[in-house]
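Note that chain A is present in both complexes that follow, paired respectively with chain B and with chain C.
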Partner chain A sequence: MRLRILTERLTTGWIVAISVTVMLLTAVVAAALVHRSLPIVEGHSLGALLGGSEWRPLEGKFGFRPFIVGTVWVTVLAMALAVPVCLLAAIYLAEYARDATRAIVRPLLDVLAGIPSVVHGLFGVLLLVPLVSDHLAPWAARHLACLPGATPQQGYSTGYCLLTGAIVLAMMVAPVIISIADEVLRGVPVAMREASLAVGATRWETVKHVSVRFAAPGLVASVVLGFSRAFGETMAVLMVVGNVAMSPKSLFDPAYPLPALIANNYGEMMSIPLYDSALLLAALILMVTVLAFNLLAQGVLVVARRRAAQ
Partner chain B sequence: MPHISVRNLTVAYDGQAILSDVSMDIPDRQITAVVGPSGCGKTTFLRCMNRLIDMTNGARVTGQVLIDGEDILAPDADLISLRKKMGLLSQKPQALPMSIYDNVAYGPRLHGLRDRKQLDALVERYLRMSSIWEEVKDRLHTPASRLSVGQQQRLCLSRGLAVEPEVLLCDEPTASLDPVSAQRIEQRFTELKQDYSIVLVTHILRQARRLADYIVFFYMGELVEHGPADQLLNDPRDDRTKAYLSGTIS
Partner chain C sequence: MRRRAVEEGFFRALMVLAVALVVVGLLLIMAIITAKGVGSLSWEMITQAPQGGYYLGKSGGVLNAILGSLALAVGATALASIFAFPVCLYLQQDYAGQSRLASFVRTSLDLLWGIPSIVYGAFGFTVLLYLGMRASLLGGMIALTLVELPIMARAMEEAVRMVSQDLKEASYAMGGTRWETMRKIVLRQALPGILTAVLLAFGRGIGDAASVLFTAGYTDSLPRTLLDPVASLPLAVFFQLGTPFPEVQGRAHASAFILLVIVLIISVVSRMMGAKVSKYSVR
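Up next is the complex of A and B:
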């Protein structure tokens, strides 16, 4: 009998210990990043680091602005491309598609979500880069001259640019957003839809006035989760975005997002003073931002699920 | 010509019959109670009448439901005007995710009513008709989800009435209500039958006794017996009806 109780206690103990260790990993990573990025924050003001636009490590100038601007632009553009398409796709799946269609599409979405990001990157290099440089950029130069941000700066683009990065990124986050948004919309009580249909509403009116309104918090969460995924995505974007350390002025300019900066440079030229610390500060910024977005999205999702369960 | 006439209605779900070969006429401006043990097809019967059965995956419906001579089960039936004609009160009140006012104005707005004054008047009229006006008149623009379940059910009745239906389809409308709220809904029904035909699905035999003018008894998907309430309750012909009334099957 004593042995059983002892085993019970031991088992509980090590299971708890392992779980706590796993959770502590996040904290350890954060602590390491903070510790290693302290030297650069001590030498430079945070304002100068985040706001400075000069990136000349050899001269001790570490302005993160181009990278932050690049990250934000690539992400925002990708979301602008992905969100409308994804929400409509999710509405179709949840409200219009037959069960048989759903049964095929849902697993397909999971497969899409599982495609390694380097494959998306290759797809971008092989297909999208030529498409953008040979067709989209010349077309924009001819027809969108009135919009400086939508035309290539010298009437020409290599194709390795903000737009290509955003398209690749949009393709990557789409399955995630569709999948969550679909799940959220399926959480709208059937009886609530029927209440709307029963007074003579059409399907679309029911979607617009009832389902989407009821599911709004969850839909927002799906978008925010997609956003945070896009924000930290490294490989696919790095392969097509151009990686030039300047703030992009147009869709067809190259950009240099934070994750690409870290991945391209960490481990090289480490003898430059503070270089290592600067890159780790970049990582810290990235981690804090993504973590904040994830927490926000999870919070909203919890609320949405609770409402759906009522 | 009766308003609603059901001809050889059969509903199967994944090959299994839920309703088999139901034919009957539903009397105008009366309360028709549909009774029977759970799972006997009462709700399915009701859902055929406003085609909400379409929402059920895998349901196969054959036969006819004629409303003013028009077969509403025909593939080209106009569902919008059909559902406008057939008000629904479901078992669990479903307030739409919007304000009290907007819940009532929802249907009329969809059907094209935009004038603010007319909408105001209409909202008040139908909230009064389901005797909830006094309780909500000072908070018309607060979310309907904050109302109690009993109030929500009366709100749903207002919402259903606001599109000016001709028939009210009620699926155990008092099942999730407290006794006082249930009584209020029942009182409304006895008044409303002046102007509407009411089809009331209920598993409470006493409710059928209190309210019904006409009773339909289903057993295992089969229409066993139907007739005026007095006759069916006091002098049932079928043994299964007798057994149900005496409580030996339920």
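Up next is the complex of A and C:
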């Protein structure tokens, strides 16, 4: 009897201790990054670091602007490509698809979500890079000359560019967005749909006026979570985006996102003063941005769940 | 009336197109990696470590990376389970209920899920520096554990939450302690889900490159101790692709194919195992 109670106490202590550790983990990671990026923030003003566009570590110049611009562009573009397709696919799966279709497509989505990022990157290198450089870029140069942002600058592109990175990224975040959006849409009470159908609305009208409106917070959350996933994705983007430290001027320009910066330069950073600190500041920027977006999404999801529970 | 029917048909077609696009994208990835990978795949690739001049196109294989990746992922998955299992028990009614602490733990897990793996890699590297260690199997495992933990904990919690309250209460009514209930009822009932969660995390771990980039290093030999650097498949793909030699790039394609096959096998096994083990669950 004694032993049983002792076991109960010990396991409870163990369970609580581990849970508290996990709870503190986020703070520990953040604290370590802040601590290590302090040296560079002390030497340079934060404004100069974030706004400066010169990246010459050997001369002590650390301007993050091209990298931040690159990250934002590649992510925003990826979302512009992914969100419409993903939301439509999620609506189809949740509202229209037969169970048999769902039973096929959902596992495929899980498989897609599990494909390693280097495989996505290699796919980009093998298929998308030639496609963009040989077909899309020349086509854009011929037909979209009036849009400077959508034409290659010198009339051609290597294919390793913003657009390719965005397409690869869009494919990577698609399963995340579709899964969450599908789950949210399935949470819409059947009675509400039936009420709409009963008064003569078509299925699409029901989707438009009832399901999507009811599920709106959750759909927003799915997009925000997809965004934050895309924001920090490293290897796949690194392999196809070109990695030139300039702010891209068009879709066909190379870019150099923050995660790629960290990944490419970690090896040699110990030899140059403040370099490691600068790279950890880059990691900190990534982390803070992603955390902010995730907190936002969690908040919205809480609202969504509460609404679904009513 | 016609306009409404047209609108219905239009959006329906658009949605079918969207689903088709996603499915075709997936099939295209598999087809291209398989087509390119199989061409360069040889028995040598999976049974030998790189020989001299391997990265110039001489003979050898990526056995070092295959075994390295498996070692990293097995270690990280074991470490992550040690953390994830207690946490998912804690998040149940029985331990934490609706307490403040539980909601903090839950939020922290959600945040950890969102942190990019490159950040874990950078964090792991600073920890290694602080401890005076170099890139090693152990360092890579620790960074990978951080990547896997939130994925595993989230999936496990979902499985554990499904265990019916009635069953647990039956156990309590017989005088079972919380731990006995967890071990004999919850663990057994949720086992399929728990194993699926473990395999899911394992699959993610084995494919993650950014976290092991600075923490595990890369080497052509197999590690003898936990403190030796170790190669991994995703990095093998990445490094070989970066060489200018077509033969070596071909091996990068083959390595990616091997990685893809491993990940697919894990996913299929987890599905089958989920179905097989679940025959012990009461529904």
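Note that in this section the second predicted complex is superposed on the first by the 306 of 310 C-alpha atoms of A that agree within 3 Å, B and C clash if a C-alpha of one lies under 4 Å from a C-alpha of the other, contacts with A are read in each partner's own complex, and residues count from 1 in each chain.
By our rule, a contact is a pair of C-beta atoms (placed from the backbone, for glycine too) under 8 Å apart; a residue touches a chain by one contact, two chains touch by 3 or more.
This one's a predicted model, so the numbers in the text were calculated from it and none came from an experiment.
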First, second, both or neither for A:45, with chain B first and chain C second: neither
Chain B versus chain C as contact partner of A:295, first or second or both or neither: second
Contacts of A:153 with chain B and chain C, given as first, second, both or neither: neither
Residues of chain A touched, compared between chain B and chain C (which is higher): C
Partner chain in contact with A:7 - chain B first, chain C second, else both or neither: second
Partner chain(s) touched by A:202 [first = chain B, second = chain C, both, neither]: both
Touched partner set for A:214, first chain B, second chain C, both or neither: first
Which superposed partner A:192 touches (first chain B, second chain C, both, neither): first
Chain B and chain C contact sites that coincide on chain A, given as residue numbers: 202, 205
Partner chain A, residues of chain C touching it in the complex: 4-5, 7-8, 11-12, 14-19, 21-23, 25-26, 28-29, 32-33, 36, 82-83, 86-87, 89-91, 95-96, 101, 104-105, 107-123, 125-127, 146, 149, 153, 177-180, 182, 200, 203-204, 206-210, 213-214, 234, 237-238, 241, 252-253, 256, 259-260, 263-264, 266-267, 271
List of chain B residues in touch with chain A within their complex: 50, 52, 55, 57-58, 79-81, 83-84, 86-88, 90, 92, 94, 96-98, 106-107, 110-111, 156, 159-160, 162-163
Of chain A, residues touching chain B in the complex: 98-99, 189-202, 205, 209-210, 213-214
Chain A to chain C touching residues, read off their complex: 4-5, 7-8, 11-12, 14-16, 18-26, 29, 32-33, 36, 84-86, 88-89, 91-93, 96-97, 105, 107-112, 114-123, 125-127, 171, 174-175, 178, 202-205, 207, 225, 228-229, 231-235, 239, 259, 262-263, 266-267, 279-280, 283, 286-287, 290-291, 293-295, 298
